[in-house]
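Take this structure, written in C-alpha cells, and hold onto it; I'll ask about it next.
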Amino acid sequence: MSERIKDFHEFRNKMNERILERGNLEIKRFFALDKNAYKTGALTAETKELLGLVASLVLRCNDCITYHLVRCVELGISDEQIYEAYNIGLVVGGSIVIPHLRQAVARMDEIRSQNQD
Amino acid sequence: MSERIKDFHEFRNKMNERILERGNLEIKRFFALDKNAYKTGALTAETKELLGLVASLVLRCNDCITYHLVRCVELGISDEQIYEAYNIGLVVGGSIVIPHLRQAVARMDEIRSQNQD
Amino acid sequence: MSERIKDFHEFRNKMNERILERGNLEIKRFFALDKNAYKTGALTAETKELLGLVASLVLRCNDCITYHLVRCVELGISDEQIYEAYNIGLVVGGSIVIPHLRQAVARMDEIRSQNQD
Amino acid sequence: MSERIKDFHEFRNKMNERILERGNLEIKRFFALDKNAYKTGALTAETKELLGLVASLVLRCNDCITYHLVRCVELGISDEQIYEAYNIGLVVGGSIVIPHLRQAVARMDEIRSQNQD
Amino acid sequence: MSERIKDFHEFRNKMNERILERGNLEIKRFFALDKNAYKTGALTAETKELLGLVASLVLRCNDCITYHLVRCVELGISDEQIYEAYNIGLVVGGSIVIPHLRQAVARMDEIRSQNQD
Amino acid sequence: MSERIKDFHEFRNKMNERILERGNLEIKRFFALDKNAYKTGALTAETKELLGLVASLVLRCNDCITYHLVRCVELGISDEQIYEAYNIGLVVGGSIVIPHLRQAVARMDEIRSQNQD
C-alpha cells in the first residue's frame, strides 16, 4: 500500500481534527461548507469533483489535487475523463500547471495501487 | 438587446482577429488548443464549460466568466446548475470571488434578455 | 456627494440581494461567514478591517479594497495607519499592487468627501 | 491623439504624486526601487522592459502591461519581439491571459497612433 | 527542540546571507524595506505581524506563514487572536488556504515546544 | 554530482513521458508549444529563458525556476544578469517571492557544482 497517500490522509485527518477541536465556530462552519459543496444536487458529485480538481489545478495546490483525485477514483471517473479535465486546467492555467500535473500523475499511480491492495 | 454583451463580443472578435492575423504561428496554435479543449470527448461539452466557468471564477477573470456563461446558456445548462458551480468557485476561491459573482449575475441578466429578443 | 462610491454601493447591494434571493443555501451561509469574520472578538473590528484591506491589496481586488476602506473610515482608522497597511501590502505583494494603490487613494478621496456632505 | 493613453498617464502621474507627497518614507523607497529595476545594467533596458511586460502579463495587470508597452515602444522594441514575449506570457500563464492580450493589442494601437501625432 | 523550525531558520539565514553578500544593491534595499515594514509605527508591531500572516495565508506561502507565526509568538499574540486571523485568511482566500492552515497548525506546535526547551 | 538536480531531472523526464504516452493529443500539443516558446526568433534564446525565469518567479513555481536556471547556465547567462532578473521578479512580485529566491540560490549552487563534475 502506498505510504505517501497514507501519510497524506493521516496528516490531513489529524490536522483537520486539531483545527476543528479548537472550537472557532466560524472555521468549523467553513469546513462544513467545503464538505457540502461537493454533494450531488443539480450537478452530480462526479461533475463537482471534476470542478474541484480543475480549480485546484489552476490554483496550483498539490494537496487539493490529490484529495480530488482520491475522490474521483472513488466515484469511478475514468482516466480519459480525468485527462480531459487536466487538459482544461493546463490550457486555462498555462505551463505553470505542468509541475502539478506531474505530481498528479505520480499520486494517481499510488491511489490506483493502494486500491488494488 | 443588451449593449454590453454585444460590445463584449465585438471587442473580443475584433481583437482575436487582430492577434491571429499577425501571423505568430505559436499564438495561433494556442488559440486552437483553447477552442478544442471545450469540445465533447470523454466529458460532455456541458461539463467542460462548467470546468471553464469555475476555473475562470477562482482565477477571477470577468471576461472569461462572461464567455463561459454565454456558452453555458447556449448549451442549455440551468440556473440551478450554474449556481452550484458558483458555490464551488466561491468555497474554493473565497470571498475575493464575490465581486466577480456579482458581475456574473449582472452579465447573465443581459445574456438571458438578449436571447429573448 | 461622490457618485462613484454611491454607484459602488448600489450595485453591490442590488447584486448581493439578487444572489441571496436565489436561495442557494450554501452561498447564503458563505455570505454570513464573510460578514461575521470582521466582528470584534479576540481581535478588534479595526484590526480585522485592516487584515481584510491588506488581504484585498495583495490579492488585487479593487472592489474589496474599496469596501474595506469604507469600513476603515467608519471605524475611525487614521490615514497614517492606512498608509502603513498599504506599505505592508506593497512590500508583500510587489509593484503589481501599485495600480490598486492608486485606485485606493482615488476612492478614499471620494469616501472622505462623501462623509462631509 | 489617443485619449485613453493620455488619461492613463494623467491618472497615473496624479496618483503617484499623491502617494509620494503623503511622505511615508518606506513607500517612497519602494517606488524608487521599482523605477531603478528597469535601468540598464548587466541586462539592457530593452530586456528588462520585456521582463516587466511578461511578468505583468502572467500576473494579469492591464495598467502594468500598458506602462511596459509604452516603454517598449520608446526603446524601439519591434512588434515581432513584443509578440514573441506575448507568446511566452500566454504559454506560461494560459488562456486566462488572453483577455489581457486583447487589451494589450488595443492599447498598442493607441500608443503607436499617439506617437505619430 | 524542534528540528524542523531549527532547519527552517538555518536555511533561511544562510540563504539570506548568500543573497545579500552578492552585493546587488537593489535587492539589499528590498530586504531592508521588508524588515522595516513590520516595525511599530502608527500601527503596533503586533497588528503588523498579523497583517503579514494573513497576507501570507491568502497568497499561500508556507515559509512566510511560519516566519510570521514565529514572530507572533515572540510578540505574545494569543492563540485566539491567531485563529481569528486564520479565519479571515480562510474566508477571503477560500478552501485552497486549508492545506496551508494545516501546515500552520503543525508548525505552531513546533514553535511552542521549542520555546519550552 | 548533485543528487537533487539529478532527481529533479529524472522525475521530470519520467513524468513527462508518462503524460505524453497517454496520448491525449491536446496535451501533447501544449507541451510542444511550451518547448517552442523558448527557441531563438525575433528574441534570442537567452532573453526568452530570462522571460521564463521571471514569469516563474512572480508565479512562484520552484520547479519552473529550477528548469529555467538550468537552461540559463547552459546558455552562458552570467550571475550578474540572473541577479538583475531576480531583482525584477522581487520588485514586481514582492517579498512573497523571497522564499523562492532562496530556493533558486540553493539550486544554482547544485547546478554549478554538477557542471564541474
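Order of writing sets the labels: A, B, C, D, E and F. Residues in every chain begin at 1.
One rule holds in what follows: contacts are C-beta pairs under 8 Å (C-beta built on N, C-alpha and C of every residue); 3 or more make two chains touch, one makes a residue touch a chain.
All figures in this text were calculated on a predicted structure; none of them were measured in a lab.
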| item | value |
| --- | --- |
| Chain pair with more C-beta contacts, D-F versus C-F | D-F |
| Taking each chain's C-alpha mean as its centre, the one farthest from chain A | D |
| CA centroid of chain A to CA centroid of chain F, Å | 27 |
| Centre-to-centre distance between chain E and chain B (centres being mean Cα positions), rounded to whole Å | 37 |
| Inter-chain centre distance, chain C versus chain E - centres from mean C-alpha coordinates, in Å | 24 |
| Residue numbers of chain E (touch at least two other chains) | 26, 30, 33-34, 37, 55-56, 58-59, 64, 83-84, 87, 90-93, 95-96 |
| Graph class of chain-chain contacts, one of line, ring, star, complete, other | complete |
| In the complex, chain C residues that touch chain F | 58, 90-97 |
| Of chain D, residues touching chain E in the complex | 26, 29-30, 33, 36-37 |
| For the chain A and chain F complex, residues of the former touching the latter | 60, 79, 83-84, 86-87, 90-91, 95-96, 98-99, 101-102, 105-106 |
| Interfacial residue positions of chain F with respect to chain A in the complex | 11-12, 15-16, 18-19, 22, 24, 26-27, 30-31, 34, 55-56, 59, 61, 63-64 |
| Residues of chain D that touch chain F when the two form their complex | 33-34, 37-38, 41-43, 47-48, 50-52, 54-56, 58-59, 64, 78, 80-81, 83-85, 87-89, 91-93 |
